[in-house]
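In the two complexes below, chain A is the common chain; its partner is chain B in one and chain C in the other.
Take a look at the complex of A and B:
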């Protein structure tokens, strides 16, 4: 380990002010602090600091994503050939999913470094999360160049152009997914895309539930061969990381215990979803729309709702940034998600659009919370 | 008396807690006055090198209030006046005589203090050099003698790491405390708010007169005066002034009026994992840190801090303890670079967050030193800074408005209620390693100058 430190120390002067490689200082900072915690000491009060930093925070999100990722790899193989056995399925899955992740990290990383060098700021660890989130929301067989296009759009337009890390309005991973979804719909929706095997076509549970007008959605889902437990475990067709509610819940538990994700957003999302779904259930008998009859539990385990509310909606930058605002923001996303699933069956997977809508409303929600805070302060001042 | 219960905050489990044993620092051969301790006043010299001064004799005065004196904490010869750039006075060194001779001030008994007029009190305080013990919010400056504040705050439940225990201080020396409070009441004619802990037991605290008594509980910064002001009499605008002072300075004011002499001593704590004897010490105002630690031992590679570790200032051994400081913290300097720190389980990483295993043991065994533990990044609002600020202030938005230098918005978001010391824990817990206290300080300085 000493040797690595020595190499880093030897090349450091080149990256400092006046050095040959000064322009690439962000790269050096990235590599240097990746291997060694920065050696800076405090120069002003407070003289002691908490051990928390951005690397630790972001790596915790990555760890929270791992159960869903590993399960997604297995499920990718399982959907292609259910009888192949665990190891074979895992191998198929790894071979299919790993390239997606690599492309996402490499192409996205290049953009990240380019912007860091040009705009002279350090490379932010948040990218590690974005780069992993995107492939987990895609169908396993998607062409790699589309992943490259998507992550490029997400990083450049979704993040850097709209303010850069910490200021972006929309969740960059979702912007990337939305770009692919609308630009290349043939590879992102419809029954054939969800399985690696060409001859297999499988409707996702959500697509099955909305397939026949006037029918009972729950019946349609079980008719398509999806049991409640299959959907909860995630052994159904869908995006790479989004099918297993169980694995996502494990990640959610870690995010909540470490308080990296705000519980109010998740709770709000579930409340909004349950309330809207119950409302839909009440209207269901009067309508031909099969999706209206889907109970909240089905909404929870089907499609990407769990993944979206746990990992996408909770991005602290694009979400509301006040506690009251986080509740409203969460409820709104849950509400939109069911609304889109039920009313607009062209986009039967509603969570992506509902989180993006939530992102769009977040600054406005915060604005009202801020006005409340200011008004409350005025009242307290007047009372004295 | 209602108890105001605060939940947000964090009591730092810092190693090297001072024990309740009182020692005297003895006599030193020289004292120093640091004009930089006094915020918001422009100071002019009244002495030159070689002059002899008595204890309580004026050394400096305020340019804007020529009757506001800053006086000598000892008797002796002015041996050196160190000035810096643009003739700013950095330090005044006084070589002490063997014995003290005191400047004579008016003496009163307890009954006559109760009926003293505001004018007489003000005159004596300004002349004696104890006026600067009274500070003013917003902006934490030396109190402006021309105004009448809306209230006076005395916080007697410090929660800062190593802060001297109020009950213990009063057990050691309770002279002057009640008289000091009466003086403050007569000086301003406005309510004097005394804030005590819920478990305060000293009879003087529970049967005190001439004050409005409040009790607070909660983790640090629940004991900070800024938090008390926020919950009792929030500052509405830049002209809405509140005065505040420490419990020991109240006692010193009382002693000044009871004895007619400038009181030079106070009790401080010495604590931290890098110092051998952690205890309470009686020291003289202006004593150098080296003299305070003369009979003590501390590691070579340690940082001396005048004040607590969250808000204090780095000082050399030959520099004096700050005028307002009642803590001397000695903590290890460290700039180690652990390999792949972000992946370690973190049993030895002190953290308020739940990101390290040390949290399961309540940070026991996790020491704190001067390391930053990370690189500076942009704001990512995880919510940790909000979790240690027991005020109805939205820190993330306030910080953004300060960075944007938007005075209107800063005012709306309550900048006048803020002080860097109340945001120290926000800097401590921030994952982006932003200097939040410093940003608040910049914001306050900006509105002070341009508002």
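Take a look at the complex of A and C:
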């Protein structure tokens, strides 16, 4: 480690003002602060000194993503050849998923560096999370150039056009996914995309639940061969990181213990989802729509709901910032997710669009919460 | 001096005060008719015809139009021209006319046409007004064609109906390429339009106050 510090110190003058490589100062800063806590002191109030800076908190998110990622790799292999052993499935999965992650990081990183150099700001750590989130929401067999297109769109249109990290309206990883979803629907939806093996095509649990009109959704799911425990563990077809509710819960626990994600958003999401699903269950007998009869517990373990509410909705930039707002924001996402899943047969998976919709509403929710608070305090002041 | 002023009247709307990217007018049709180049071309031609015609006629009548009813008079002139071009398209370019559907008729409500008549033709001579109409029409058409070129190339792999992306690259021919379906949707035009605005404003440094 000492050796690395010496090298960094030796080349540092070149990147400073007037140095030869001053233009690429963001690159130096990125490497330097990745390995060492920056020595700079805060120059304006508040002078909070905390070891957990942006880089550490983003790395905590990545650690929280790892259980879901590793399980996703195994499941990718398992869906391609259910009879093979653990190691072989893991190998298949790693070979399929690692290229997606590499492409996402390399292409996204190039855009990030380009904008940092042109706009002369530091490279932001948030990208480390975005670059991992995107591949985890994709089908394992998606062509790599589509991942490159998606992450480019997510970084440039989803983030940089509005001013870069901290100014983005929408979660960049979800913008990237939405772009791939609408641009290349053949590679993003439908039964064949979820398994690497061509001869194995299986509907995802959500697709199975909406496959027959007028039937009972729970029956359709178990009829397709998916048990509750399989779906909870994640041994079902789906996006790379989104199938295992168990692994996602482990990540959620870490995010909540370290307080990096806000519990109100997750709790609100679950409340909204359960309430809407129960409402749907009540009107189910009167309709031919099978999805209406899906119970809340199934909504929780099927599809990407857990992944979206834990890792996507809690993005600190695009979510609501007030505590009351976070509840409303979470409930809204849970509500929209079930609504899209149940009522819009064109999109069997609702969480992507519902989180984006939540992002769009987040600033307005905050505005009304603040106005409400101002009005309340005005009334209290007038009483005195 | 007169030539320079005439040139500015004509060239201003091409880039600096472009009706779409700077004034953000006529967005509706820019989104709707830019899936393919041919519809965008015909739409641009139709708009140039209406814009030059309405500017010229309004300018010629500008001292006769009572200012209280000027909007109605201008709309009558514009509507007449739009109906003419709509009938011509139906007679000679029936297929494209069908694809453009109501958007030719909607030129009547296009903010650019009424905007130029109100803001320019009512106060200027016939020659200047015609030139202003031509400049704005071409400025509109340029953006339309740029958006349509990007959308048709990325969304369908063609240009004016001619295959540009080689056939053998496509997945169904054993290749790997797939057309970008996003570009066929209206949001695709929004994004392309936004990128054009971004590029233009980065170059000119123009900002909304």
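What we mean here is this: the second predicted complex is superposed on the first by the 372 of 384 C-alpha atoms of A that agree within 3 Å, B and C clash if a C-alpha of one lies under 4 Å from a C-alpha of the other, contacts with A are read in each partner's own complex, and residues count from 1 in each chain.
As a convention for this text, a contact is a pair of C-beta atoms (placed from the backbone, for glycine too) under 8 Å apart; a residue touches a chain by one contact, two chains touch by 3 or more.
Only a predicted model underlies this, so the values are computations on that prediction, with no experimental measurement involved.
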First, second, both or neither for A:376, with chain B first and chain C second: first
Touched partner set for A:157, first chain B, second chain C, both or neither: second
Touched partner set for A:143, first chain B, second chain C, both or neither: second
Partner chain in contact with A:183 - chain B first, chain C second, else both or neither: second
Interface residues, chain A side, partner chain C - complex: 143, 145-146, 149, 157, 161, 179, 182-187
Residues of chain B that touch chain A when the two form their complex: 12, 14, 150, 233-234, 236, 303, 305, 307, 309-314, 329, 331, 333-343, 346, 349-356, 358, 366, 368-384, 386, 392, 394, 396-397, 412-414, 420, 424-425, 427-433, 435, 437-438
Touching residues (chain side chain C, partner chain A) in the complex: 176, 178, 180-183, 185, 187, 191, 194, 198
Touch list for chain A against partner chain B, complex: 1, 5, 29, 33-42, 44-57, 59-60, 121-122, 124-126, 164-167, 257-260, 262, 316-317, 321-323, 366, 369-370, 373-374, 376-377, 380-381, 384
